[in-house]
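All chains are identified by letter, namely A, B, C and D, in their written order; residue positions are counted from 1 within each chain.
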Amino acid sequence: MMKLFGITFKNRVFIASGVFGFGLKYKKVSNRVGAIFTKGITLEPRKGNAPPRVFETASGLINWVGLENPGVEKFCKDILPKMKKLRTRIFVNVAGSEVIDYERIVERIGGQVDGFELNISCPNVKKGGVAFGQDPKIAASVVARARTKTKLPLIVKLTPNFCDPLRIAKVCIGAGADGISLINTLYGMVYDIERKKPLITGGLSGPAIKPFALYCVNRLRGLGVPIIGMGGIMTGQDAYEFLLAGASAVAIGSAILRDPYAPLQIIKELKKYPPPPSSPSERGRIKEGEKKEYK
Amino acid sequence: MMKLFGITFKNRVFIASGVFGFGLKYKKVSNRVGAIFTKGITLEPRKGNAPPRVFETASGLINWVGLENPGVEKFCKDILPKMKKLRTRIFVNVAGSEVIDYERIVERIGGQVDGFELNISCPNVKKGGVAFGQDPKIAASVVARARTKTKLPLIVKLTPNFCDPLRIAKVCIGAGADGISLINTLYGMVYDIERKKPLITGGLSGPAIKPFALYCVNRLRGLGVPIIGMGGIMTGQDAYEFLLAGASAVAIGSAILRDPYAPLQIIKELKKYPPPPSSPSERGRIKEGEKKEYK
Amino acid sequence: MVRRVTIKKKEWFTDDIFGLEIYLPDIDPQPGQFFQVRVSTTYDPFLNRPISVASYKGGTMLMIIRVLGRGTKILSQKEAGEDLRVLGPFGKGLRVKKKKSLLIAGGIGVAPLLFLAQKMHGKRIEFDFVYGAKREKDLIKKSHILQIAKHAIFVTEQDRGKMTVLGALDMLDVESYDIAYACGPKTMLIELQKLNLPIPVYAFCEDFLGCGCGLCLGCAIMYKGEYKRICEDGPVFELKGISFDE
Amino acid sequence: MVRRVTIKKKEWFTDDIFGLEIYLPDIDPQPGQFFQVRVSTTYDPFLNRPISVASYKGGTMLMIIRVLGRGTKILSQKEAGEDLRVLGPFGKGLRVKKKKSLLIAGGIGVAPLLFLAQKMHGKRIEFDFVYGAKREKDLIKKSHILQIAKHAIFVTEQDRGKMTVLGALDMLDVESYDIAYACGPKTMLIELQKLNLPIPVYAFCEDFLGCGCGLCLGCAIMYKGEYKRICEDGPVFELKGISFDE
């Protein structure tokens, strides 16, 4: 049990966006993690990118899924009612191709979930995505506008691609973000040597990027808001490294592609370690007293 | 045989800075690669950082060597005479903690080598290094000032850390760089879970970063100057991917830590592939006629 | 959940096709279903490899694997007695219909069809089996197929006048079958689709997967105008619904 | 150049120490030299692991390895008949001096000292051997040591009143030796250094390496005021010159 943003979580092991759908298939896992971050939700349904969408690389993979999702309407109608029955915290990963999309999605979903993760870091879409997360002004405006629509915890998910996440984090916190999650995938590419053109261009994830992700998390520690750290976490030891580096919780991504039950193993392994040095930032900007606002 | 910057090279397989010392130990290898990039040379001798200096990570490693080198004087006196006997092209990797260091080193070495690689991307030094490569103004000024001291090919080695190498490349070319090499290592960190503090913070290299490196190279293609591509190249196929992505030559780094003869194997394997689509940028800004200036 | 099992038996069928037998008593796999096989306990290679159930009897499961790239190469070095980590079964199982069936296998595509054949044989459903490969020696389990199929046709591109599986279909009265099942390289499925056979054809799709269990959306196939997940919505799809070029 | 050799013999000495024997006829390794052993043909684990020559006779080399982390774990799963890729020998060989010597081994540090002992025995140089480990059963090759050393003292922290190797030195008249060679965990070397023995002590340093052959500068040790490369300038250094804390 632990508390972030003034709300309690079963534990510090969350599931990262995009690798677990909506948590409805492996409910045993969903019910035992601290929180689930949904697949990225957009205003309109998206059919996603053409295959190949995943490609294995050394100790990792590139994905080019392209935010395939049913859109916020269908999500609210068909999926959310089922998700609400899960015994875990639910954070909706919000993705937009326009700045205004984020606030609209947040508004549409309203108080039905435990919080939002603003995805301004997806490298697999033509419009928006990582381009928003690389530009401090746009990043801040996405956060500020979404902020007006919700009092729930607002986490902003940052990219480490070709920009300094510290700089972006600061403006996002200034604009009202309650927490930071990082890292989203690194740019990655594989060439098709037969056809002499790219085989896949997308986001690189997995253990390959762990040392870089850890560096990023460590760089952002001490900003006064909780960090959800991720990038290549495969074991309890990996998770603990992120906690030591300054994360208040960790999210499991690619590990789930190797084993959907990986989060449970990580939760178990993490218990072997002493609790990480707790930081005053854990509660973030949300005070104890305000807690009741969130279910 | 191929030509870049108006000079000929045995082949397109070079040895990256920092993994082969000065090429004097495995001369059989040195004599068969297209070029050798020396360990980073600084104005004053540097004893390097305290151990641990290398740490293995998933499909890669972090190094924190810290530019241990004898300084430019000793390099010119004791090492360069021996290097000159090697039957390969020699590029000196130039590193500075002040902007002025670069031009001084270039000036001191003068016409004794085949060219220079300005290292504004080393993550393992307190002053200079990657900080220069992240700032377009400083990057440009390093190049412009070094340019005044030499007519030899001037390559600038870029970082992909927290800045856009395309932006930096453009200003460097504007300032007179003849070519670009990238990527230098990514930031990386490993925590010591017993002592609850970082075990190593340094530069991440190896196959783990290959997809990201390839993306960076591809992003910089078409700027009109040759690119020396590197990052996780282990096989001829990897090398060929970089050539397809836009590199005119490749440099082998971490692979040498697994096998000092790796470049020879890669040269052999690369022969199996058709020559990459040659680009008009290959000659770069240096015209055929000027060639005699370079030995 | 990852299951750690012991390899009971390993057998080389050809110089690049081998079989692994493991004991997994508590499952009831259906044709088309597959397992995600862990290649390495380290992180390279990272992803599991999907391998179909080729036979299941009394708790013993056979997987037949062709060495294609580095993952299957590493798997091929495993020997009886060694550990294997597998997840599954995954995929929608095929409900075997009591219809006169034609099974069309190209290359290693024979693997899941062998299991389908085993099931049909068990239910006394009549079926013919067309099976093609590059070379004669690439045809595996021939005598077994001859035993359980009503008729079996084996063709190779090399030996009998460069006959392909699809060429062999010409020799058959396809309309005499109620249904066909096909598994083989994508090029074969594309050609088969073009033939536009007058009966429903179900294709077993083999592709590169991510999670293998419906979570990552990494295995898209354009089916009837929308992306479906090969692993979870398939891997068996009606051939005419598939758009191979999207 | 990477040499691909076949493992001739594999032997478990204790539950976590094993030996691998390979045949490498064309070398003449010296005590202190080591090989870089490839753990995996894939990229994880990435680096080779340095392993000392523990014995060399008639072209057959023995490496004695303790399972520490994942690399040595993977190596421990290799069996006789399997391939092993090694590079070497690397490191400055020690020139054995005709002096009365004391060999001090802690734990797996015994491996290179066994080779030193073999060489000394071959040259009829007199030496005593002090060898300590955690538990009695961790002491390997005892009878061999008893055979070739003039005197041998075995101590364990567990069994004989928690005696450590360094404690055992108290029982000896150290001044009666001309020279000492020590190999063991860093903590042991640090303690040994503090003892400030009245004779020259040469330490075999075991640490994590990068290339293992002098190229990457990844293996620094502060020796007499400057960083030396363990792999190329060592791995044997005079103990009193080492600054362990820098």
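One rule holds in what follows: a contact is a pair of C-beta atoms (placed from the backbone, for glycine too) under 8 Å apart; a residue touches a chain by one contact, two chains touch by 3 or more.
Here the structure is a predicted model, which means the values were calculated and not measured.
Student: Of all chains present, which has the mean Cα position farthest from that of chain D?
Tutor: When every chain centre is compared against chain D, the largest gap points to C.
Student: If you average the CA atoms of chain A and of chain D, how far apart do the two points sit, in angstrom?
Tutor: About 48 Å, centre to centre.
Student: Approximately how many whole Å separate the CA-defined centres of chain C and chain D?
Tutor: Distance between chain centres, rounded to whole Å: 52 Å.
Student: Which integer distance in Å separates the CA centroid of chain A from that of chain C?
Tutor: 36
Student: Give me the residues of chain A that touch two or more other chains.
Tutor: In chain A, residues 57-60, 206-208 touch at least two other chains, as defined above.
Student: Could you check chain D for residues that touch two or more other chains and list them?
Tutor: Residues 42-45 of chain D each touch two or more of the other chains.
Student: If every chain is a node and each touching pair gets an edge, what shape is that graph: line, ring, star, complete or other?
Tutor: Topology of touching chains reads as complete, every chain touching all others.
Student: Under the stated contact criterion, what part of chain A meets chain B in this complex?
Tutor: Against chain B, the touching part of chain A is residues 57-60, 62, 160, 162-165, 186-191, 193, 196-198, 201, 204, 206-212, 214-216, 218, 232, 237, 240-241, 244-245, 273, 277.
Student: How about chain C: which of its residues touch chain B in the complex?
Tutor: 42-44
Student: For a test of understanding, state which residues of chain A touch chain C in their complex under the given definition.
Tutor: Spelled out, the residues of chain A in touch with chain C are 18-21, 25-26, 39, 47-61, 63, 65, 68, 206-208, 234, 254, 256-261.
Student: For the complex, give me every residue of chain B touching chain C.
Tutor: 58-59, 207
Student: Show which residues of chain C lie in contact with chain A when the two form their complex.
Tutor: 1-2, 38, 43-48, 87, 207-211, 213-222, 226-227, 246
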